[in-house]
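These notes open a run of structures that come right after.
Each of the next two complexes has chain A plus one more chain, namely chain B in the first and chain C in the second.
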Partner chain A sequence: MLLRHTPEEIVEREALTIQPAKTCQPVGAMYAALGIHKCLPHSHGSQGCCAYHRSALTRHYKEPVMAATSSFTEGSSVFGGQANLLDAITNIFTIYNPDVIAVHTTCLSETIGDDIPQITAKARDEGRVPNGKFIIRANTPSYVGSHVTGFGNMIKGIIDGFATRGTKSGHINIIPGYVEPSDMSEVKHITKSMGVDTVMFPDTSAVLNGPQTGRYEMYPKGGTPISDLQKTGFAKMTLALGPIASGPGAKFLDTKCGVPYEMLSLPIGIRSTDAFVNALRKNGGIVSDELEYERGQVLDVLTDMQQYFHGKKVALVGDPDHLVPLTEFLTDIGFNVRHVVTGTPGKKFIARIKEAAGTEDINVKEASDFFYLHQLIKNEKVDLILGNTYSKYIARDEDIPLVRIGFPIYDRVGHQYFPILGYRGALRLIEKILNALLDYQDKTAPEEKFELVM
Partner chain B sequence: MALEKMDFITERDKQIFEKGTDSFEMKCERVSTAGSVSQRACSFCGSRVVLYPVADAIHLVHGGIGCAAYTWDIRGSLSSGPQLHRSSFCTDLREKEVIYGGETKLREALYHLIDLHKPSAAFVYITCIAGIIGDDVNRICKEVQNKTGVSVIPVQSEGFKGTKKDGYRAACESLMKLIGTVEGPAIPMSINILGDFNIAGETWVIKKYFEQMGINVVSTLTGDARVGQIRNAHRAKLNIVQCSGSMKHLAKMMMEKYDIPFINVSFFGIEDTAKALYDTSDFFNDEKVRNNTKMLVSTEIALIMPLLNEIRKACDGKKAGLYVGGAFKAISLVKALRHIGIKTVLAGTQTGSKEDYEILKTVCENGTVIVDDSNPVELSNFLIEKQVDLFIGGVKERPLAYKLGIGFCDHNHERKICLAGFRGMVNFAREVNASVNSPVWKFVKWRRH
Partner chain C sequence: MAELETPEVIKQDLINKYPVKVARRRTKQIVVNEVGDQEEVPEIQSNIRTIPGIITMRGCAYAGCKGVVLGPTRDILQITHGPIGCSFYSWLTRRNQTKPTSDTAPNYMPYAMSTDMQDENIIFGGEKKLKKAIDEAIALFHPKAIGIFSTCPVGLIGDDVHAVCREMEAKYPDTNIFGFSCEGYKGVSQSAGHHIANNKVFTEVLGLSDMTKEGKFRMNMLGEYNIGGDAFELDRMLSDVGITVHSTFSGNSTYEEFASAQNVDLNVVMCHRSINYLADMMETKWGIPWFKVNFIGAESSAKSMRKIAKYFGDAELIATVEKFIEKEMVEISKVREDVKSRCNGKTAMLFVGGSRAHHYQELLAEIGIRTIAAGYEFAHRDDYEGRKVIPSIKVDADTRNIEELTVERDPVSYRARKSEEELKALSDEGIRFGDYEGMMPDMPSDTLVIDDLNHHETEVLIEKYHPDLFCAGVKEKYVVQKYGIPLKQLHSYDYQGPYAGFKGAINFYRDIDRLINTRIWKMINPPWHEEPQLTAKYGWE
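For the complex of A and B:
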């Protein structure tokens, strides 16, 4: 019992986080920046931040993850990090030769008040930025929001750096949300199947799920090209998937370049995917036979296996943009969603989850942690947990099947390659859930009730 | 430079050498060049990994959530009892505290945790943000300690203070505050084991050797450590220091304050393990211990040599590259690999000192590239240029090796097998063999000779 120290009784706990269900902004910014072709993320802070974020992404994707650091010292924390950043810019363009440097801040550089726009402007004035090269930036103080907020802030940074107001063209922008490379591929699959001309940014597919080639490519072939990013201001509209990760960017692009936006849930499950497909349809897309077929397959499995879902109690933990459509989907197919916990702060989350579940009778908490979720589960046991790798402590201690989704997943593969978004993602999600439930049933059924056909 | 065809950050050319070609004066122990894709971490990371294995203490991160999230149960330091160290506790500082200070939150968090877990002690890690907003952490710790009777020890581990090595120092200073907090006479024939963190149960292996030799182990710092043992550490007669980078500072402080001498040892590889045991035995100069040691070493070696010889047949002639935390580890690895017929052609460390590199140079053969504070581009160039079959490193190096199609052995926090002592050498050889001779490499284009 690794978590033997978790008491059942829940007491108010304002000053202390135990077993965090979030991490800090910079890792989200780093992840978003990796979705730009030939971009090197840069962490403006101490060396450790950069090392930790890279290690986290490396463990999650099993891929090399590149990012540079300003390597703050005690001196820079007193006198400011301008000199470090200026040197870093010169060194990065000379040695690593990216097309874009995406600078994000840390709690340290935010608190000492480094003015990143001023420093990058100075770098440009001093000729440290070669022609045709770019620096974009995001303020990502670790003491505000979470990793999801950081992703959203880097999206704003991308728009700030590349989007310009201009004559509208026919395409639409898609901001896919803080989702896996496989999910980004799935979004592209859907838009392509519907024949919609889109620019999706960022795009980490073929960056963090690339093939084994026997060569090390500092800049893999994926990532949204700069030429596409420069077109984002001319789009006729933006579809923002996930209000927290994609919303701020979409709003900013509207303000900056007059590109209207539609805010949607992440297309997880049938209803949310339908909504996404419908939005594409309204923008000239045609619902293809291919998509109809994929949707039909999901319904087929659901009807074939509904008896295994109906009434089962579930606990969910993860990021708000995922949890809302997930709650909706699981409720839609008969699950009884009991506990929903996110580490990311934001009061709106509570109402959104209750709406998705269609009930007030559900335990929801934002700015919370795994310790609290564990206490909820001790008070009301569930049949299934959906969450990231850290859920496994609770799953083991309480003997509950676990389906891994979210960030981070350090102990399984698959999330890089197979989506949970779209109809095909829904199919995979059901498969994973079914396998977890049925494996558990097989493992625990008494001999006389052990079934061959399920 | 013999390696001019690669384009390095110019300031780095004093951190890369090729033995036999270059004159050798490593400019190490310095902060990474700004803008480099360094594989290094910060002071906080250093302190956190050193103190983390103390299993019956609270480890509270006073700072932003990232520092806590990334150090939550990531090191395979095993405990034979309590598992408190594997939990993640954080004050999760928000904007409000950044403006008004985080002292109230810290105080409340400590009271809450002490009430909840009744720990033997609490370590409070000061991160960048806690340092920069100027919280008086020392005062709060003292206050809570006075009120609860539980030792509450601040760790001066602000990330910007330097590299991991500076964090090791801070951790040693925190440990020093616990050592000697109980009274008691010196314990005859006794040692403390410093600098082993019980990754995959290694401390247990080492401890058992000493027990077989007839030597008392007072405390293990910090593998499978308990606060109570640490308090008694001043009663030992000798400190044996494994990972010199992390714990030498503590050994020096203990020598100064308690007159306890120390010896540097390594439990990695056959010669080093044998030497460590004999050196310890020599120190005590006791006939019985000497005989026990001889018996132990000869029995163990007789047991493992046939196994190693078998593996050597499969690995002979392969080439290895290393990139590890400390130079001591690198030196041991070069020797251990030689035992199974593998030649080291690239050796690098994150935090080696000048003296460490001098020793590393003497154990390497001509043509070996030696680097300090490297980065992935550099490493991958060397790995291909030198036609390496095996790469040994940590988290960030693993996918690099696999992308290139090279075997890999984790010699850092993520390893799952015990590599210490004589049996550890066999485990190491098996793991190396399993990876180097995996059939999957035949699918990698450039390696299909």
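For the complex of A and C:
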């Protein structure tokens, strides 16, 4: 057994996190910053943070992930990191020439209390920032929230750095949430199909799922252009997909530039995607035949194959913005969602999951971990797990099929290229789920019950 | 390669773009190698601060301590004291394989544990939470030993982790509880963390047990972390000839093996950078001699086995080793010659670690691949130039902050393993005790040696040299491959291996052959890039 020490008996823990179901803010901030065209994320702290975040994102995407660090030493930890950040700014603009440096803090620089706006202002005064170049920043203390919080904080940083109040134009902003490059493409596909003029930020598509061409581009063609970011304050509204990752940014843009917002779930599954499409429709979009067709295809597969998943028990682990619409979708189509665990703290999560599942009879926990999820599963076995790569230790020990979803996925490809958002994403999700369940049936069925046609 | 610019010119290209201050520093970290008759090589500046913003390959002290040295030990329960990230990122990502002795034997490696400090712990201190976490860990797992690893904010807010460990050990006398002050800002790279780990393992664990393992020839393997099963292969080779590997530091190891590691007659060192402190301290305290080995490459492995056999000085052992090598070499030569026919004359660059960039050059050479540039991520001058330069290394403030233990001979259990005369005789026969010759004397003159390579320099090197193979880590992997140049990860082996020892050499030959010669590289350019879109004929054709 890989997890041989996990007992069935659940004892509440107050202080020890075991097998975390979240990671720290800065990696989310780094990811968000990669979705700005010609932006170099910068980690203000010890260089290990940057190395770890780059490694995690690289393993997840199998793509170059560029970011710089202030490389704190013991001296900077005592005297503050100003000198390091000033040097870094000069070096980055001279050597790597990005259009934007997106500085995020770490637990170290937050604990010291480095004042990033003051340091970047000083960098400007000292002529370290070339004309037409930008530095934006986000406070991302690792001891608050999770990687999703960090993503949200960098969205605020983008708005802080680029959005200005001005005459309203016709477009709407979309903050897509902490989702994959493929999912961001899918959001663009939907808005384009509906003919809605949008600015989506950030946009990591064509950044973290680029092609092999024999040529390396430090700044790939993707990412939201600065000119678009500068228009975000003029939008007629913002659609924020996923309240934790996108909500704070949408609210901030409302406060700063008077752009109203509508908060939606991530468009995972039929109902949430319907809600997104409907929101676009109410803001000038026309539901295209193409989208109706895609929606119909999902329903077609669901009606055709429902005997394979109806009533199946499922455990979910991941980020709140994903888990709520996922619970709703799986419940809608007949799954019995039994356990839902996130590492990200937030008390509303429990009520939202129970609402999505339409029942109080479900095990839900926030600020929790894989160890707890495993104990829940030991107490009530499920037929399927949906979660990130770390779920596979539980899946193997307990002999349960696993569908990989969330961050990180270190051991499979696909999430970079194929979405789980939108109708096409729902189709892919249901395909993955069916394959996992049917492969399991094929592997375990007695010979006389082995089916050719399924 | 005749059309290539000289290494001096390329060095200039590497630093041309830099601000003056950066260029001044990098010029001392980039050296054109030149090897003299007595292994003299030019000085290379290393183990100095990373330049902010440069896009370094380096990590931090925590990564070196928890990730590298202690991480591979399966039954020391490891709690990271800090916010969640550090524990999360060091959770199973280094591929240290481990094989518990039974289905129920402790193995905590798949469990990442953290105090997940929150803002109130940063403001009011995290000691209380740490104590509670230890309570909970002991109640759940009943471990023999617990290691606590401090992350950046812990040092700043002043949590006294060592006092907590003492207090909790008094509360739980059956558990050895010790802390590592390996905050990420310590030192200038992972290297500081190695040193911190060595020190604490030495003072808190070594010598606590009298466990001995059967065998006439008993040794420890230091600086071998069982990535991809390397240590399993070395254990196979050594046990096959009758040598007992008592403890490996720290691949596939246990607490008990660490605690009794003084009960051997020899320490051999694989990764010099990460473990040389422990080798030195064990020699001073218990009289265990050490020498450097290299089990990367078939020839190096054979050489290392012979060296160990010679040390034990047993005629039968020496004969057994020879027979073993002869047997293993049959398959190795077959595969090597086959692979060499496709790889001969290719060029490689290696930028990794504190030993691997040296070790793997020999393995590549066996299949005809020539190293044209190499460097380490976190090494010191002795790893480049050899231990002979240690007395001349300037100790700067960053290094001075890492404790240097004063070790004395143990009055009871010190035992000279060999007499002065025996050691002298072995030295005369070529065994260099307590020494490492470094990477540069092994590299030809006119190769480039670059310390702490960064992203900009990687791009320049690739554009100037177009190597056939690049060896580095995961952060570099997909950058280099976008150029259409294969990159072999030498931290994780691209999730393959083992590459150490005899079987490892065969695996490596085959993997490199596949990586370089796969037809996929040739498919990158579509046919329409080569052919014109429109073709026309003259009327008279």
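In the analysis below, the second predicted complex is superposed on the first by the 454 of 454 C-alpha atoms of A that agree within 3 Å, B and C clash if a C-alpha of one lies under 4 Å from a C-alpha of the other, contacts with A are read in each partner's own complex, and residues count from 1 in each chain.
Note that in this section contacts are C-beta pairs under 8 Å (C-beta built on N, C-alpha and C of every residue); 3 or more make two chains touch, one makes a residue touch a chain.
Note that the structure is predicted; figures quoted are calculated from it, not measured.
Student: Given the alignment on chain A, is it a clash or a fit between chain B and chain C?
Tutor: Verdict on chain A: clash between chain B and chain C.
Student: For A:C39, is the partner it touches chain B (first), chain C (second), both, or none of the two (neither)?
Tutor: Neither: A:C39 stays clear of chain B and chain C.
Student: Contact-wise, after the overlay, does A:E74 reach chain B, chain C, both or neither (first, second, both, neither)?
Tutor: both
Student: Of the two partner chains, chain B (first) and chain C (second), which one does A:I135 touch, if any: first, second, both, or neither?
Tutor: Neither chain B nor chain C is touched by A:I135.
Student: Considering only the touch criterion stated at the top, classify A:C107 as touching first (chain B), second (chain C), both, or neither.
Tutor: Both partners.
Student: With both complexes overlaid on chain A, does A:T23 touch chain B (first), chain C (second), both or neither?
Tutor: both
Student: Tell me which partner A:I377 touches in the superposition: chain B (first), chain C (second), both or neither.
Tutor: In the superposed model, A:I377 contacts neither chain B nor chain C.
Student: State which residues of chain A lie in both footprints, the one left by chain B and the one left by chain C.
Tutor: Correct list for chain A: 2-5, 7, 13-20, 22-24, 26-27, 42, 45-49, 51-56, 58-59, 62-74, 76-77, 84-85, 87-92, 94-96, 106-108, 111-112, 141-144, 146, 212-216, 218, 343, 390.
Student: Residues of chain A touching chain B in their complex?
Tutor: 2-5, 7, 13-20, 22-24, 26-27, 40, 42, 45-56, 58-59, 61-74, 76-77, 83-85, 87-92, 94-96, 106-108, 111-112, 141-144, 146, 212-216, 218, 343, 390
Student: Which residues of chain A touch chain C in the complex?
Tutor: 1-5, 7, 11, 13-20, 22-24, 26-27, 42, 45-49, 51-56, 58-59, 62-77, 84-85, 87-92, 94-96, 106-108, 110-112, 141-144, 146, 210, 212-218, 343, 371, 390, 393, 410
Student: Within the complex, which stretch of chain B touches chain A?
Tutor: Interface residues on the chain B side: 7-9, 31-45, 63-70, 72, 83-84, 86-95, 97-98, 104-109, 112-113, 116-117, 128-129, 131-133, 158-163, 376-377, 380, 395-396, 398-400, 402-405, 443-447.
Student: Of all residues in chain C, which touch chain A in the complex?
Tutor: On the chain C side, the touching residues are 17-19, 21-22, 49-63, 79, 82-91, 93, 103-104, 106-108, 110-119, 121-122, 129-133, 135-137, 139-141, 151-153, 155-157, 183-189, 397-398, 401, 455-456, 459, 473-475, 477-484, 524-525.
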